[in-house]
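I have a structure here, written as structure tokens, and I will follow up with some questions on it.
Chain lettering (A, B, C and D) follows the sequence in which the chains are written, and residue indices restart at 1 in each chain.
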Amino acid sequence: MTAVLEVTNVKKSFGGIKAVDGVSFDVQEGEILGLIGPNGCGKSTLFNCILGQLTPTDGEVKVDGKIVTGLRPSELNRLGVSRTFQLLQVFPKLSVRENLILAGQEHQGNMMSRLFGPSDAGLSAAADQMIGFFKLDHLATEAAGGLSYGQQKLLDAAMAFMGGPRLVLLDEPAGGVNLTMLGDLKERLAAINREKRATFVVIEHNMEFVMSLCTRVMVMAEGKLLAMGTPAEVRANPAVIEAYLGHCGIDP
Amino acid sequence: MRSGIFAGLLLATVSAAAAFAQGAPIKLANVAELSGGGATVGNNWKNGIDLAIEEINTKGGVLGRKLEVTHADSQSNPGVARAQVQKALDNEPYVLLGPGYSGSVKVTSPLAAEAGIAQIMGGEAAELTQGGNKFLFRTSFGQQSSMPKVAKYINDELKAKSVAIVWVNNDFGKGGRDVITKEFAKHNIKVAADISTEAGQADFAADVSKIKAASPDAVFIYLNEEESARMLKELKRQSISVPLMGETTLVGQKVVELAGDAANGARGHVGLTTDAPVDLVKAFREKFLKKYNYVPDHNGLKGYLAIYMIKATTEKMGKVDAKAFADNLHGLTIKAASEPGILMDVTFDEKGDIDRQGFLVEIVDGKQVVKQVLPKLN
Amino acid sequence: MTATGKYLRIALGIAVIAALIIVPMNFNRYGLYILSQWAVMTIAAMGLNLTLGYAGQVSLAQGAFVGIGAYAAAIMTTQGGMPLIAALGVAIVLCFAIGWILGYPALRVQHHYLAFVTLAFSTLAFLVFRNEDWLTKGIYGISNIPRPNVMGFATNRPLPFYYFCLGSLALVSLAMWWLIRSPWGRAFVALRENPVRALSLGIDTRRYTLMAFAIGSALGGVAGTLYAPLTQYIDPVPFNLSLSLDLLMMVIVGGSGFFFGPFLGAMIAVLLPEWLRFTQGYYLMLYAVAVMLLLIYSPTGILGILDRYLAERRTKAASALRAVAKSRLETAP
Amino acid sequence: MSNLLDLLVAGLATGAIYALVAVGFTLLWQTSQTINFAQGEFVMLPAFLMLAVMHAGAPFWLAIILGILLSLLLLGLGFKLLLVDPMLRHGVLPLAIATMALAIGMKEAVKQFFSAEASPFPSIVPAGDVSILGTVVSLQSLGVLALAIAVVIGLTMLLNRTSIGHQMQATAQNPTVARIIGVPVERMILMTFLINAFLVALASLLITPIYLAKFSSGEVLGQAAFIAAIVGGFNQVRGAIAGGLLIGVVDNLAAAYVSTQYRAAVPLILLIVIILFRPQGLLGRPEERTV
């Protein structure tokens, strides 16, 4: 097993506030790492630091052994790291298929081939496959803005998988999704993980979702790493219980 | 009720028949700067035209036919001017009037020449009449005829050896500046400072301080009326006491009104002005003021004269003939004694330039005083 | 989209193109001039529609690029005696390069700040046109700009020149259609809608932003090279800030981000004042009021109205379909 | 040296004019994200309203009062209710375009119903010059400068010392939160439109004797005020004042020491540099509301 992602002592402060305060961990190929912690503990900031949306104040991020700190998000994405956002981020005026083609088009060819090549960048088949995989078939030509919230959430996740990423960082994929949809989503994620050997890091508040999906769980509190282990280990960790009870409580 | 309508119809028929008996109205087309940067120019020009046409029509028209004019707006944009002139020419007018901006004249005059229609315009740039266009006519002195007079005055009377030039950076100002610079060179007058200003500029402090630094023997000011007034105020504030010389736009009544005391001592060459010591011009000014509630600038006069040029030329020909119009206006002298509407005796040469009396005036105690009358050349 | 809808559209398109070719044949010179002007302005507005409508970058400098193109054409064809096609090449390269540079501020600032930077550029360009006499002949302008020979045909007469403008518009439209449908077009839309998400999907937003500026500006230059032989005389005045504002108005009024928006917007800006001329001095006032009323009613422009109408119809149709499906389910045994 | 002093004083006098116009500009932006391209025309119009009242035979003082009231009605209430309110929720750009159309409409209306000519306008400050530090300054310029200072003090007092001012600030900073804590946001936005209308009417009263009442006089003013507002800081009243004064001075220095032909370019280059390196303006704070 090789480490797909290595994070070493990453720090990020805004003014005097240390949002992320020296976090180190690594993620092995094929793993699904859950990242939990109370609101405002620095999870999303950590994501943004890893993905180049923010530049870390200190520390280092490696993908497949290559230092990527300071790269722009688009460059990182083309190296095979993709993500979803906490809030829905699909392109409402484009159709479902167009959204997926868009998500994949920059992963191949160059600017010129994208200008003079076919309009779908040769990705229609790949997009339709993804649509099929996420069971959105009947919606392929619908404008994304017209989909239900849960369907958009699926599309959002599907977009992150176009272009066959090595590593996917999902920020609250289950937030606001209803129960039936939730099962679908979890099952799809697990399937992709199995079939495509994609590696995941998942931020999620829904404990049931995290504990059943993830192979390992990492807990953050106040910008620091609090605990790391299998779901069962983390659940039993007294520090975690303390941290959670002190803030917002945890689903038993 | 029904009989009322019937009577109305009858009346309309009768008057239409009467009009027909007199001949259909003579169609004129005006294209001018009715909006945009040149709106003041264009609207004065238009009002002058309307006033003259109204006068002529109440007295029975030209050769018994009424005059009728359509006004089109060039938006002070040569491209639009071209379109509007094209439209006007498509309707085959008797004569084309306007535009006032030299740039717009330049882009439209080839069209009128191609259509063989005479164009009477307001532009003053020297080059307009020098391209051999046989259909283009001025209503005022071109800069090539006014500026030599100004330069001569500065040399002979003011005995200035170095002069600061202040001009507005548009085709009017730049044209004047270029011609006078050449004239100064002929008289060996040095240009001490060459200062360009913007149309609509409000603050002339920097410009005047540049003049101050150059300490010239005289200042030549070539701006529009409003800017002239502000310039004069600023010159006074920075107590510059050398002679100030200009053109029509420096010594008009409007400048005096706006600049107050500061206008005193300003001198200028004036071709067309409502302040001219000529009874017919004074009468025109009263008529215009009565109709439009303001005193026109020289563009109002130009528009008015354009119509009387048409009247005089047509009456000379004795027929309404658009093709022959330009030929007949070339070399024509119109005397105010026989055609009062022309206000002052005027002669047109083969290029379409005019020859007319001019004045050198000075503002004394808020009044224009004519210092010299520059007679008509021939 | 249904098949009949598609055929209807194609039929409509063919009818419009045929009308644009056939109807003006017996127009007078003025009518042809106005139509040529419409074609030229449409090209400039299409460029701005790419920058603003598709890529979401506000620019108040399109008029300046029309000016650069016009001056390139005027200077090269009158002083250099070169053919218009050479001037076109120079104008495209020049405007592309300057547009690219002007795009850099867009990487730092957005929205109204970007509008002000481009506004400043627009006025600076005007000052250069006016003050650099040695190149542009300053305020006197350049006259006697020749009209080109296209494949052996002289376009001096109004009708051939109109066809030349219309042909250019057709070529530009095809290229634009291609561009919009290509992955680039998709990337531009992504840039407008959500630059952060676009970035996370591997889209190099910087390069696409600069491209949007550069291509849009180059189209301004193309329009300029047609404008110069159209009026046959240019001076700096028409290329001041108000042209940029007019072009912006065309894009917004027509419908920003819609392919046919610039066509309609330019039509309104060029033709509506013509239609209103019978009101004499009031025409510009009425034009202003019309623009305000339109924008109050539909801030997305004329095509925005159509879009809204079609969307409503689709939703209705969809809900009707759902209702039918539902009733079937309920009645099913 | 006296030359430089002269330029500075004259620049400040012109700058004060720009500043007055720029203040209202920033107020509208702050509370309602309105970029008013017609701001210059807003300054042009009140003078004509006053002239119209005077033509009807009213004395100057009555014309001033009626002119200001009409401005409040047309440029404050009317502008907000008829144009801004219906368009505000559709974003900045369509509204900005609509104000461009409004500017055209206003210019044309004045030209059509009044005159294309410049009309002189009576001054409430007596004509004449005074000598300060060896430089001659016109009383009119001093009047404008004094008013500009009075406006800053007045507005600062209103914003910082009164509860209405605090509510307006809250509205400007975050309307959603302001609404939650019980600020009558709508009324506060209306307030700023009325204040803007009042300011442009005052500016019109002071500026028109210098600029003359002319339909096109707003163009130069509007653009200068625009630049002043950005350079100083789009979201600060004192920024707009500082920007106005700075632009006035820079313009004069540029004309004297750089080139009169390119004098207009210098403030624009300053504008570009400021936007690129300090987009919030010299005195502004960084925009808090980002997309």
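Odds and ends about this structure:
Note that in this section a contact is a pair of C-beta atoms (placed from the backbone, for glycine too) under 8 Å apart; a residue touches a chain by one contact, two chains touch by 3 or more.
These numbers come from a predicted model, not from an experiment.
Steps from chain A to chain C, taking the shortest chain of touch contacts, total 1.
Listed by label, the chains that touch chain B and also chain C are D.
Each chain gets a centre from its C-alpha atoms; the one nearest the centre of all protein C-alpha atoms is C. Look at the CA centroids: the one farthest from the centroid of chain D belongs to A. Distance between chain centres (mean CA atoms), chain B to chain D: 36 Å. Between chain A and chain B, the centres computed from C-alpha atoms are 75 Å apart.
Each chain gets one centre point, the mean of its Cα atoms, and the points for chain C and chain D are 33 Å apart.
Spacing of chain A relative to chain D, judged by their CA centroids, is 50 angstrom. Looking at chain B, one finds that residues 35, 37, 169 touch two or more other chains. Each of the following residues of chain D touches two or more other chains: 108, 111, 261, 264. Contact between chains, using the touch rule, shows up for A-C, B-C, B-D, C-D. Considering their complex, residues 34-35, 37, 71-73, 76-79, 82-83, 86-87, 89-90, 103, 106-107, 110, 125, 127, 169-171, 174-175 of chain B touch chain C. Within the complex formed with chain D, the chain C residues making contact are 58, 105, 108-113, 115-117, 119-121, 123-124, 127, 130-131, 241, 245, 248-249, 252-253, 256, 281-282, 284-285, 287-289, 291-292, 295-296, 299-300. Taken together, the chain A residues at the contact with chain C in this complex read 51, 53, 72-75, 77-78, 82-83, 85, 89, 91-94, 98, 101-103, 105-107, 111, 114-117, 119, 121, 159, 162-163. Residues 35, 37, 39-40, 42-44, 169, 195-198, 200-203, 205-207, 209-210, 212-213, 225-226, 230, 233, 237-239, 254, 257-258, 260, 293-294 of chain B are the ones that touch chain D when the two sit in their complex. Partner chain A is touched in their complex by these residues of chain C: 179, 181-184, 186-187, 189-190, 193-194, 196-197, 199-205, 207.
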